[in-house]
Every structure is written in structure tokens, then in C-alpha cells.
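Okay, so subunit A shows up in both of these, paired with subunit B first and subunit C after.
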Partner chain A sequence: MDPVLNIDRLTLEFPIYGGAVRALDAVSITVRPGEIVGVVGESGCGKSVTAMTTLRLIPDDRYRVIGGSITLLGVDMLSAGEKALATIRGARASMIFQEPLTALNPTRRVGDQMVEVIRAHQRISAAAATARATRLLSEMRIADAAEVLRRYPFELSGGMRQRVVIALAFANDPAIVIADEPTTALDVTVQRQVLLLLRQRSRDVGAAVLLITHDMGVVSEYTERVYVMYAGRVVESGPTAAVLGDPAHPYTRALLAGLPGSVAPKAVLQSIPGRVPDLRRVPDGCAFAPRCGQAMACCRQAPPLVAIPSPDGPVPRFAACWLPAAEAAS
Partner chain B sequence: MSFLTILRRRLGFLILVVIGVSLITFAISHMIPGDPARLIAGDRASDAAVAAIRQKLGLDRPLYVQYGLYIAGFVQGDLGTSIRTGRPVAEDIIAFFPATLELVIAALMLSVLLGVPLGVASAVWRDRPIDHAVRSFAVIGISTPAFWLGLIVLLLFYGRLGWLPSGGAIDPLISPPAHYTGFDLVDAVIAGNAAALVSVVKHLILPAATLGFVHVGIVARQIRSAMLDQLGEDYVRTARAGGLSRSRVVLRHALPNAMIPSVTVLGLAFGDLLYGAVLTETVFAWPGMGNYVVASIQALDFPAVMGFTVVVSFAYVLVNLLVDLAYIVLDPRIKEIG
Partner chain C sequence: MVPVPDHPLVADDVAVRFPVKRDWHGRPTLFAHALNGVSLTVERGANLGIVGESGCGKSTLAQVLTGLVAPSSGQLIRGRPHDGTRAVDRIGIVFQDPHASLDPRMRVWRIITEPVFLRGGALKSELRALAMELAVKVGLRPEHVDRFPHEFSGGQRQRIAIARALSSSPDIVILDEPTSALDISVQAQILNLLLELQRERSLTYVVISHNVAVIRHFCDTVAVMYLGQFVECGPAAVVLSNPRHPYTRLLLDSVAEVGRGAAAERIVDASELPSNRHLPSGCFFRDRCPDAAPGCERPQHLVAPRGDAVRQVRCHVAAAGP
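On to the complex of A and B.
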């Protein structure tokens, strides 16, 4: 089956005064129909930029594409015009944002905002669109859906608002939903409800989900495959269970070592020494080398993309690292 | 906070403002040098004649008594008698104020109808040629003196091109519409008098454009900055991610929210326009308060000047009350915050 989303070696820069920030460096991400795929990494690793560019939501004059392509549902997104973009956005491909508090227009009723997006893509009456909005909210386990439609966003709790935002993302039966840190702003208990609902809804309608998060726990619980990003590059990818169970890249290992569940009670949580590199001056070779405990001389050259043998079978696994390459050679 | 609470609170405030303004104008008008009785009597009148006039006008009594009498009359709708015209000030204001208000409202509508689209275009195409053009236009508008602009447009549209009349509110050869509201434009429409309507509109164009010119730029700048704020908001991104067209995102989502901070500027503009009208009216011989007030000031006609000031202040506070009420309509969050 053709992938719903194929990001192929995308390299992208943000021009800044006196230079450029290389936000994405040859990033390749593939999402197949119905799959839940995670993208994980620290702040500034490029995961949100990836999400935003996929729907071309960053203003065109703010960034520069150096190379690569984005194919979303067969459409070449980097060359698509405003009309083609409007047809695909919110319909076959939709997005969920990080901040439910600000993601909705504060001065328009929830119902108006939902009906508007529904009618932007379906030729149906306002009454039919309202009925659909009510159903969408009910499917998000909102009991008094009709009442919520009449409310303004500020009258709803954060968790409720995020459910509205997710309902909005499913308004026109999407083939893929891009969720950019959908629960970061929510309480832990609400976070779980919202993620379960997101997974449930995507399975119901057969939509793929690209789940952007910084939370390894979320990745392990909800995704089938994962891409680990560091400094604008994908450093490791593969089936979630395999990658988290036996990480091949030292960065993935370091991220996992920082999880509370991985250490004994009262032991000190590990943190990764050093800092995320300045994206204006990413070191030559492996970007993680300066912080890596296992760095070698060869890490000053660009690491190869090594296929990692996976016991799970056919789903490919890769790491951009000299270590597995060295192991394979010896 | 409910509509009524705001209304009640603001009406109380309104009374305080009017009292304050009357006190200040009263003090100022009696402190400036000059003797209205001498002006009325003329240079060659005897001192006795001047004293008689002074006594007749009550100007010989202590200031606090004069003020007390003024306020007592004021609450009964009596703004005193004009020293210059000899008629009740209230009557003069009723005769002249509608024309001024008509001019101010026309100028305000012009600045909104031009300023809002210009500001929106400027924000949407930020740093493009249209943005630079609008911003330059705003600076020119703000730094152009209205009386000078008035003379220039008169030279051009009346003197050179002959397209528009030079002054007045209606062609003297056309019978004016019957008096319903005092607003010529409205009266002409009510009376169904097409000839009068055309004439009134033609007479209104130059003074309204001259008066409104400054505010087109002010409104455009305000809308531009409010729009830029709104276009950077998350909900705009959500709307775009929902596949709404660019025009819909701009006009239905960002613009209404950008109007919320901008109505304040419109309220302030109204006050500016009322005072600006005084100069504009003298240039265009507009039969409003402007000419009346200028003449009254020159004649040291205290009751007339005070009446004008109080009425203008009253209108200004009233408009700002409307601005506050507009917030409630525009922003559903206000009711909650109180």
C-alpha cells in the first residue's frame, strides 16, 4: 500500500540575521495507512517543524527548502498551491495542536467553528453540519455535546477543549491526523484519556496518526513505529517495541535512561550531559557526538544509516550511528 | 458584568464628567482677560453703560453665585443666553450641532470604510509594497494640517476642476428638505428629495474627506497592528489547518478579534473629530458649531463657549460609553471577567 505520508530527505532552513538555522537535515519519515507513528526528541529537535511543514502551515517567506520532498496523500506538498492546500487541510489530512487553550478562536462558539470546517469540505446544510458536529463530540465522549457546541472555548476546561480540537481534526474523515504534542499542556490524568480517545477514533475511521511528542512513555504506549530526532536529524527509527527495548543509537539510550521507570526508587534520574547543539553551527559528523559517552574519532564524519536486524521481522529498523556500523564490521 | 451594570456605572461617570467639565470651562472662561460687557457696549460707550450691561448679564455678581445659577439653569436645559446672539445657547446648539455631528459621523465612517481595509491589506501583505504604501500614507495623513488640506482640496476640486461646491451644506438655489432630524442628509432621504440629497452629498464630500483624512491613517495603523497580533495567534493556524480559505481566516476569524482593541481608537477618534470639525467648518463655511464657536470665542461669549464645551464633552463621554458596550457585543469573554 502507498504510504499516506512520505517525507523524503527533507532539508529545511530558517533564514536569520547573518545566517541560517538548519531546522531539518535530510529527514525521512513514512506513515502508512492506519499506522500510529511517533516522532520523539527534545525541544528544538525539529519535530514540530516537521509537523507544521507537512501541512505547509509555516508562512512561506519564513523558511527555505534546501532539498527533499513531502508527499501527502499523493500530493507534492512543497509545490502545492493555496487552493490545493485548502482542499487537503482539515479534510484528508488534519492537525491537532499543542495548546488547547489558544487553538480555538476565543470569540466564536465551538459549534460555529466546527460547522465551518465541516462545510469547508462537504456540501451539506448548516443543520446537517451541526448534527455531524454533535456526533463528532459525542464520539469524543462528550456527554452534553449539543450544549458544548453553544459554548465559547473559554467556558470549557483544557481537557474538554482538546477533545473539541481532536473532534475537529476528525471532522472530515481524515486519512492522517498529525498530532503535535497533543497532551503536553494537559494534566497527566486528562492526558491519558485524551490519548486513548485519539487512538480509539483513529482506529474507528482507519486514520493514520503522526504523533509528535517529547515523552518516551507516550511513544511506548501508543505508537507502533517511532522516529527519534536529534538536532534536526532522524537518528533512529523502527518498530517502537524494538527501538525502545534495544536502542541502537546512544541518544535513544540516553533518552530512555532519563525515564523515571527505568531506575530504582530513590536513585538519581539520569540526564544527558551537555546541551542540544546550536542549530546555526551543528558540528560536522554526528550531531550527538559531543554529548555521547561512546564517541569515537570517526564520529566527526557523517554517520552511515545502518540497517539494524530486527527480530520482529519485516519492519525495517535504522540508526544513523558509527557504533552499530563498527559492530557489524567486526 | 452585565450590560445593565456597565450602563449604570457609566451613566454615573457621565454626570461626574459633565460637572467637572462645566467647572473647568467656567473657571477658564472667567479667568481669561477681557470684558464681554465692554465688547457688547463698544469702544466709545460710557462706563455707566458698560456697568449697566454687566449688571444685566449678571457679570457683576460673585463667581460662585454665577456658577450656581449656571448649574441651576443647566439641569433645566437652560444653558444661559448667548451674549453675542442674544438667543438661548441651548437653541443655538440645537440649530448648529446636528450639522457638525453629520460632518463628524461622515468623517468617521470614511475613516473606518477606508482605514479598516487598508489596515487589513497592510497586515496581510506585511512588508510588501501595499504595506509600505499604507504606512507612508498614514504618516502623511497624521502630519497634514486639516486647514491646509482643506484649502488644497478646495483649490483642486472647486477652483481647478469645478467638480464640487466650495462651501455650505446645500446649494442655496435648492429648497432644503423639510426639518425632521436636523441632519440634512437624513432629512433629504426622509423627504424623498433627490435633488436636495445629491446637493447635500456633494457639499459633504470635501469637508468630510478633509476632516477624516487624518483618521484614515490612524485607523489603518491601529487595524494593521491589531491584525498582525491576531494573525500570529494559534487559532488562526487551527483555522488554516482546517482548510479554511485565506480570505475567510482573515475576514471571519482575525478581523473581528482585531476590531475589539480598535473600537477604543474609534471612540477617541470621535472626540478628535468633534474638535477638528471647528477648523474644518471655518474653511468650508459649514453651518455647524465650528463657525458659531469661533465667533463666540472672539466675542468672549462665555455662555456659548461653555455650552459648546459641555455638549461636546457629553457627546464624547456618551460615545465612549457606546464603545464599552460594543466590547460586550464583540467579546463574549467580557461578561465573565467583569
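On to the complex of A and C.
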């Protein structure tokens, strides 16, 4: 099956005074139909930029594509015109943002906003659109959907708002939903409801989900495949259980070892020395090498993308690192 | 309630309510009930964790413990330090957001020594020397003390906030969500630093967090809060591995953790935290509780469950049997 989203070696810069910030460096991400794929990394690793450029949501004059391509539902997103973008965005591909209060228009009733999105892509009457909005909300387990449609966003709790935003994302039967930190602003019990509903809805309609998060726990429990990003690069990818259970890249290993709970209470946690590189001047070769405990001389050259053999299943695993390459050679 | 001198901090049935609406006389007509009868004792050397969701009153409790908010009823008893310093100086606090809690127009040495400066009587040279010493202690360089907060990353700012909390040489440091604004790798550094400082300076931490993993890593005892009350408290190892109160169970089930595999299909109840403007009658958790039974309409008290003396639960069903 053709992937719904194929980001191929995308390199992207933000020009700034006296230079450029290399936000993405040869990032390749593939999402197949119906799959829930996670993108995980710390702040500044490029995960949100990936989400935003996938739908071309960053103003065109703010960034520069150095190389690579984005193919979303068969459309080359980097060369698509406004008209083509308008038919994709909010219809076959939709987005869930982190903060539901800013994603909704505060001056308009929830129902009006939902009807607008539905009628922008479907030629149906306002009454039919309202009926559809009611059904969408009740599918998100909102009890009195008709009543909620008449409210303003500020009258709803955070969890309710995010459920409205998810209902909106599913309004026009999307093939892919890009969720950028959908539950970071929510409490844990609400987070669970929202993520379970998101997973349920995507399975019901067969939509793929690209779930962008910084929370390893969320990745572990709600995704099938995962991409780990660091300093604008994908350092490791593969089936979630395999990557988190037996990480191949030193960065993934260090991230997991730094979680409280990976050691006995009050024992010293493994922390990563140093800090994330300045994206204006990323070192040559592996971006993680200066902080890596296992760095070698060859780490000053760009690491190869090594296929990691995984005993369970045909889903490929990759790590951008010299270590597995050296192990395979010896 | 007898104040126990060796306990540096005791809260006895503390309640806090904030007026949210007033009539035209300016008299309050509606209150937000942030804390509804919280009693706790901070034991020297035993870290206390307070866990709960937003709106449960954890941060108000932090402010009460530091003396920033006065209780509406109940009282707070601070142990008397032996060396004659004021008890209120022996409590430090580290706030959640290091971007908002540092004055952008103060140099770092002024920020760090603000608690000492406010006490008065210290020379500028002494303050600077103290700031440098503390900066080194928390992993900054001595020359950093002449910079401004915007020149630092999030992790470094949190280090500055920790140095400030330590400057009045407190016995108790209250950590209000100390790492929730930080990335995982930085979080590990800060947690390590806090534990190292505790060993060095014999501190006691009160950790307030929604992050169960941090509480489990850090604390000896834990209290689970719901709508301004403790619903379960006891040794962290016991409560967090084998919760008895239905809310504690819901909370722990909801936390996404690495290594648990795909989340179970069961969608948990779609209800949410009730408003604290009008408190529910009886058990506060009753409307969301899967175990609700006759008797839940009566107010619940913290009691030790049968055959389990180390902890207390605010639930007659959990207290009655396994």
C-alpha cells in the first residue's frame, strides 16, 4: 500500500540574521494507512516543525527547503499551490494542536466553527452539517452534544475542548491526522481519555495518526511505530516496543535511562552530559557525538542509517549511528 | 493539637478559600474552595510527596506551607529553630516555571541572595560571595552570577531557582513541580542535583507534582490529593504500588509509562474533576467512583484500612476490606 505520508530526506532551514537555523536535517518519515506513528524528542529537536511543514503551515517566506520532499496523499506538498493545499488541509489531512484554547476561535460558538469546517469541504446543507457535528461530538463521548454546540470554547473544560478539536479533525473523514502534543496541556486522567478516543476514532475510520510528543510513556502506550529525533535529525526508528525495549541508538538509551523509575528510588539517574547543540552550528557528523559516552573517531563523519535486525516481525528498524555499524562489521 | 517541637512543619486541618465573586458591597458571595481540611506533618529527613491533578489544590498547599497564603481556617505550626533564626526563613521554595519565577531585571547574584537580602544586615560583598558559593554548588560557574536570567537555558534557570531556595539555609525546601517545565535529560540532572544537595545539607523536601514517577523516585511518604483533600496517604512504596482509594487507582492507571505496552482498550469514565465552587456533599469522588456504594453520601474521613496500619484512606469502602 502506498504510504499516506512520505517525508523523504527533508532538509529545512530558517534564515536568521547572519546565518540560518537548520531545523530539519535529512528527515525521513513514512506513515502508512491506518498506522499510529509517534515522533518523540526533546524541545528543539524539530518535531513540531516536521508537523507544521507537513501541512505547509509555516509562512513560505520564513523558511528555506534545502532538499528533500514531502508527499502527502500523493500530493507534493512543497510545490502545491494554495488551492490544492486548501482541499487537503482540514479534509483528507487534519491537525490537532497542543493548546485547544488557541486552536478554537474564542468569539464563535463551537457549533458554528464545526459547521464551517464541514461545509468548507462537503456540499451539504447547514442543517445536515449541524447533524454531522452533533454525531461527531457524541462519537467523542460528549454527553449532550447538541448543547455543547451552542457553547463558546471558554465555557468548556480543557479536556472537553480537546475532544472538540479532535472531533473537528475527524470532521471530513481524514486519511491522516497529525497530532502535535495533543495532551501536553491536559491532566493525566483526561490525557488517557483523549488519547484512547483518538486511537479509537482513527481505527473506526481507518485514519493514520502522526502523534508528536515528548512523553516516552505516551509513545509506549499509544503508538505502533516511533521515530526518535535529536537536533533536527531522526536518530532511530522502528516498532515502538522494540525501540523502547532495546534501544539501538545511544541517545534513545540515554533518554530512557534518564526517566525516574529506571533506577531504584533516590539512586542517581543517568543524565546526558552537556546540552543540545546550537542549531546554527551543528557539528559535522553525528549531532549527538559530543554528548555520547561511546563516541569514536568515526563519529565525526555523518553516521550511516543502519538497519537493526529485529527478531519480531517484518517492520524495519533503523538507527543513525556508527556503533551498530561497527558491531555488524566485526 | 499539640505542636511537636521536633517536627519542623505541621499543618492542622488547613482550609483555604478564595473569594471569586462579590456583591455590590464588596462582600464575597462565591468562593473557590482550594483546600478543604488538610493535615500533614513534615518529618525531618523524610521527603513528602503530594500528587494530584490540576485544580486539586497542590499549589495552594505549597503556598500555605511557605506562608505566602494564610489559611482561612486551621493552622500552620512551624517548629522553632534552635539557633534563634526565624522559622519562616527555614523554608525555601522552588517554583514550577523557571522563566516566570526569576526577576528578568535582576542579576543572578541578586536573585540567589534575595531571601538573605530581605532579612537585612548583609553586606553586598557577603551576598556576592554567598551567591558564588551556591552557584558552584548547583552546577553553575562563579562568573554566571553577574548575568541576567535570560542568558540561561531552562535547566540552568531551575538551578538558579534552587540556589535561591538554599540561600537562607532552610531545613525544608518545597518543590512545586520542580521539573515539569524541563526536558527529560535535564530533568534527570535536576533530580540528581536535588538528591545530592539533600544528602549534603540534610534537607527535607516537600515535592508537589502531577508526575507520579518523580514522586516515586523522590519521596518516602506520599499524599494523594483530590479537590482540596488528601484521599490517601502513607509510605510512597506502599501507596504507589498498591493503591487502595479508587481515585489513586484511577490516577495511577492513567499515567502512561514506558514498558507497559499498548494501553488497554477500556475507555475510562468521561467525567472530570468537579468544580471547587460548590463542593459536592458526602465523598467528593462519589460521582466518578466505580465503587460507589450506600454510605458514600456521608462525608468521608481519613482512616486506616482494616489490616493496613501504615496508610490512611478517605473511603469507607476501601477501609472496610481488601
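What we mean here is this: the second predicted complex is superposed on the first by the 325 of 330 C-alpha atoms of A that agree within 3 Å, B and C clash if a C-alpha of one lies under 4 Å from a C-alpha of the other, contacts with A are read in each partner's own complex, and residues count from 1 in each chain.
We take it that a contact is a pair of C-beta atoms (placed from the backbone, for glycine too) under 8 Å apart; a residue touches a chain by one contact, two chains touch by 3 or more.
These numbers come from a predicted model, not from an experiment.
In the overlay built on the shared chain, the residue A:Asp215 is in contact with subunit C alone; subunit B does not reach it. By the touch criterion defined above, A:Tyr230 reaches neither subunit B nor subunit C.
Contacts of A:Gln193 after superposition on the shared chain: subunit C is touched, whereas subunit B is not. By the document's definition of touching, of the two partners only subunit C reaches A:Gly245; subunit B does not. In the superposition on chain A, A:Trp322 makes contact with neither subunit B nor subunit C. Shared-chain residue A:Phe288: touches no atom of subunit B or subunit C. After overlaying the two complexes on the shared chain, residue contacts for A:Leu256 are found with subunit C alone; subunit B is out of touch. By the touch criterion stated above, A:Phe170 is placed in contact with neither subunit B nor subunit C. Number of subunit A residues touched is higher for C, counting subunit B against subunit C. Within the complex formed with subunit C, the subunit A residues making contact are 42-43, 141-143, 157, 159-160, 187-193, 195-197, 199-200, 214-222, 241, 244-245, 254-256, 258-261, 263, 265-266, 268-272, 275.
By the touch criterion stated above, subunit B contacts subunit A in their complex at residues 233-235, 237-246, 248, 252-253, 256-257, 260, 330-333, 336. Those residues of subunit A that touch subunit B in the complex are listed here as 55, 57, 82, 85-91, 94-95, 97, 99, 102-108, 113, 116-117, 120-121, 152, 154-155, 165, 168, 171-172.
Here subunit C touches subunit A in the complex through residues 53-54, 153, 155, 183-189, 191-192, 195, 210, 212-214, 216-218, 236-237, 250-251, 253-263, 265, 267-268, 270, 272-273, going by the rule given at the top.
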